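Order as written gives the chain letters A, B, C and D; numbering starts at 1 within each chain.
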Amino acid sequence: MVRMVNVCKAYENGTKALKGISAEINDGEFVFLVGPSGSGKSTIIKLLTGEIAPTLGSIVVNGYDLEMIKPAQMPFLRRTLGVVFQDFRLIDKKNVYDNVAFAMHAVGASSRDIKRRVPYVLELVGLDTKTRRKPNELSGGEQQRVAIARALVNNPQLIIADEPTGNLDPARSLEIMTLMERINKLGTTVLVVTHEKELVNRFSKRVIAIDNGKVISDGMDGYYNYET
Amino acid sequence: MVRMVNVCKAYENGTKALKGISAEINDGEFVFLVGPSGSGKSTIIKLLTGEIAPTLGSIVVNGYDLEMIKPAQMPFLRRTLGVVFQDFRLIDKKNVYDNVAFAMHAVGASSRDIKRRVPYVLELVGLDTKTRRKPNELSGGEQQRVAIARALVNNPQLIIADEPTGNLDPARSLEIMTLMERINKLGTTVLVVTHEKELVNRFSKRVIAIDNGKVISDGMDGYYNYET
Amino acid sequence: MRRNRYSYFLREGINSIFTHGFMSFASVSIIVACLIIMGSFTLLTINVQSMIKKWESENQMLAFVDEAFSNDQAKALEKDLRAIPNVADATFVSKDDALKSYLSQFGDNDLFKGIDSSVLRHRYIVHLKEIGKMEESKKQLEAVKGIAKVNAHLEISQGFVTITRIVSTVSIIIIVILLVISMFIMSNTIKLTTFDRREEIAIMKMVGATNAFIRWPFVFEGLILGFVGALIAFLLQWGIYYVLVIEINKSSTMKLIETVPFGQLALPLLGIFVATGLVVGAGGSLTVIRKYLNV
Amino acid sequence: MRRNRYSYFLREGINSIFTHGFMSFASVSIIVACLIIMGSFTLLTINVQSMIKKWESENQMLAFVDEAFSNDQAKALEKDLRAIPNVADATFVSKDDALKSYLSQFGDNDLFKGIDSSVLRHRYIVHLKEIGKMEESKKQLEAVKGIAKVNAHLEISQGFVTITRIVSTVSIIIIVILLVISMFIMSNTIKLTTFDRREEIAIMKMVGATNAFIRWPFVFEGLILGFVGALIAFLLQWGIYYVLVIEINKSSTMKLIETVPFGQLALPLLGIFVATGLVVGAGGSLTVIRKYLNV
């Protein structure tokens, strides 16, 4: 469950990235977040993961109030989340398998679980033949799929994906999004940032559109309603 | 002018990324290169820029034969190219202006030309208000536009763009692609890698489709002919 | 479960050493370099001081026996002299022996011709354990019944004490300075080598790793690098010392230097090296990481 | 145009120092640390050697005048003695003065009572310029008409020569070792700090920059870091030396040490520091870059 009330964010250099965002995402929902480049989508995601703090407003994610949260609790909030970052954030020095396994080690999973689960999610994203590669030996789309696998591996309560298909071909994109939908059906909340109009329209889910740091529409119509 | 004859590329780890690619792009053409994730598109681009060497086959770019080229000549080949990399490759420590200006310094442009040209291209990509920002203070789409500006700034003979709109909203993407088309009309050759079916179909240009390291179609029909 | 985790951390630490090969190599070699600078100087100081000690022990004083004492009575004093704590040994020299020695020394001078040994006294050549306490020992010797007078070169005693004190002070100052500078260089190097890991750490935090989880592999890595550096430095130091000792014994002038055998120094040196290596390794990486953990 | 380019490279180099603040700081401080280790030891050696020189000059030998010579004849020998190249000075001591000195030395012994000064000889106390040539000088003194005999402690001469040689050899070895290790540490540090630039360099190459274009800013950066490090090290070294000299003069034992004034050492020290700094700065960054330039 995510609740943002009147959230504002100004970066150190003065950029007002968010100018009063309020939104609530209930458990089990599937939400698309859309908006033009620079409108503040990634900023929202960084706020939800606690990577940056809001200048104003309150944010509650999976029961953790981000205003009150102690640094020592932050890891436990993050363990309830599976995040696909826009810039992937893979560890260069670890291979595909270890990049994903690492996320399970971090939450204290047992070796047996890790050995069973990691190959499974890597197969889901179509990387089962490339587990020993380092990120720089992968294509852009493959790196993105490693990031997706890592977000899925811990069976999080909430999946947050920032442009998870920006580097994927239409067929792959559809596959990944279908996978997300399936996971959502099993009870996981999903929040996807995307520019892909076609995909948004095809899935008919709730769409929150922001522009210039403000919510400009929020509807169940599944329509990508930002247009030239 | 680009000519590839039976180009093969196997990476050190044995991956056969390209399995005999032949294609010719004449001066003044506008070509889309499409294909699924991991099919070898970025590999082709890295070959054209001389970043990696082919295992087999010959490549000629703007009159430079990449088999014969001396290391000392490489910079001069690259100065005839404007490349947008899939991972942007911006210098973290330099601000937007310097990232773009640097490319002009590198080719020995005069300060006067640099002072006139850089703001102009930054305005073209819509970043004129963010010239003093470092790359990590930009959104994903903004970083991508810096990369595009850098590719354009030296008025290259050939523009090569790897997913230049992967992080951009549909409106921006259309804008950038229209800009490319305009530049192409002025005589510059353009090669764009993209997954955006809609854009490809809209522009009605030559489309080279590859899959699994081979050319599977090459036509003037402007149709994104890779389908699920 | 717990043990399992630490073995994971250890494995991660070791992996990290290899994946950041150049950085690890640089840390270790700089640790080695610094330890050798420190170690060489410490060994030099120890040798110099052992040499001073040796020279010191060669210094002697003369205790003249009362003229009234017979040869046998004089000889009997020996155990009284040796009973004084600071006396290392006392050798009896009779009047006649003393004269012989004078004659052999000033023989070609007419001065001593015809002098009878009766004008001289029985005497003891006394060596002290600690030359610094010469004045006190002189008084104790004079207090012995039967000793008329003690001839001691107090200014030499003073000189030795001064030299020893100067050498000790100077070398302690230099060793401390070298230690501080070396620790600074080493921990700075470890900081440098972990500097480019801030992104890695940020990613780990984003995935839900606790600070402890991130810290431990770094600590192990630092400990291992420090330990390996210390071992290599120790072996190199040993080799250098060994070669130098051989060279010194070869050269005719340098042969005068009596070197302390490495065996005597090996264990404490190894201890100091390893301790410094571990402290610097773990400390260096911990301080860097602390900075990046606030993500 | 050309000049324009170099000013661009210089500006880029300077910018880079600031944008890579931590790295620059680390390089400079490690350069400073290494130079100070080297510098301190060199200064120590110079002082020790100047002290040995001084003690050496205090050593004396006795030249006895022929018994047949009168007081005035004996005195006249002085200029002959001084004419010998290695003689620093020669002081005349008459028979009577010699006896007085003997008596004051052995006065409480009955041995010398009633001895007439006529049994002694006129003599000269001779100081040498170079103690190492004592044997040769002794022969030259003996060759002077009127000098009957020369008493020289050849073994002391030998000892001094040995000590001087040992001190010189040991300190040259140590200085060379320190120099090599310090250069290694410094250039390794510069390598470490430029290590994370390989991506930057790869990007530059992709944009069409020539190797020279990439190299120059790095060279300037390295030179500036090396130069700044050398200057800071020099000032710190000066400060340390100054404080130590004050402390030495305060302490009663240490006052015996006569320190060489910093002024005499400043210029060569500065020269060496700056040269080492520049070589290490430019050399260190060049070697790293060379590796990355093959993109």
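One rule holds in what follows: a contact is a pair of C-beta atoms (placed from the backbone, for glycine too) under 8 Å apart; a residue touches a chain by one contact, two chains touch by 3 or more.
Model, not experiment: these values are computed from the prediction.
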item: Mutual neighbours - chains that touch chain A and chain D alike; value: B, C
item: Contact-graph distance - origin chain A, target chain B; value: 1
item: Chain at maximum distance from chain A, centres defined as averaged CA atoms; value: D
item: Chain C and chain D: spacing of chain centres that average the CA atoms, whole Å; value: 24
item: Mean-CA-position distance for chain D and chain B (Å); value: 63
item: Centroid distance [mean C-alpha coordinates] between chain C and chain B, Å; value: 67
item: Multi-chain contact sites of chain C, meaning residues that touch two or more partners; value: none
item: Numbers and ranges of chain B residues touching at least 2 other chains; value: none
item: Arrangement of touching chains [line / ring / star / complete / other]; value: ring
item: Pairs of chains, among all present, that meet the touch criterion; value: A-B, A-C, B-D, C-D
item: Complex contacts: residues of chain A adjacent to chain B; value: 11, 13, 15, 34-38, 41-42, 86-87, 133, 137-142, 145, 162-163, 166-174, 195, 197-198, 224, 226-228
item: Residues of chain A touching chain C in the complex; value: 49, 51, 71-72, 74-76, 78-79, 81, 83, 85, 89-94, 102-103, 105-108, 110-111, 150, 154
item: Parts of chain C lying in touch with chain D, wherever the complex brings them together; value: 22-23, 26, 29-30, 33-34, 36-37, 40-41, 44, 110-111, 115, 119-120, 149, 161-162, 165-166, 169-170, 173-174, 177-178, 181, 184-185, 188-189, 191-193, 195-196, 244, 253-254, 256-257
item: Sites on chain D touched by chain B in the complex; value: 4-5, 8, 16, 19-20, 199-200, 202-211, 213, 294-295
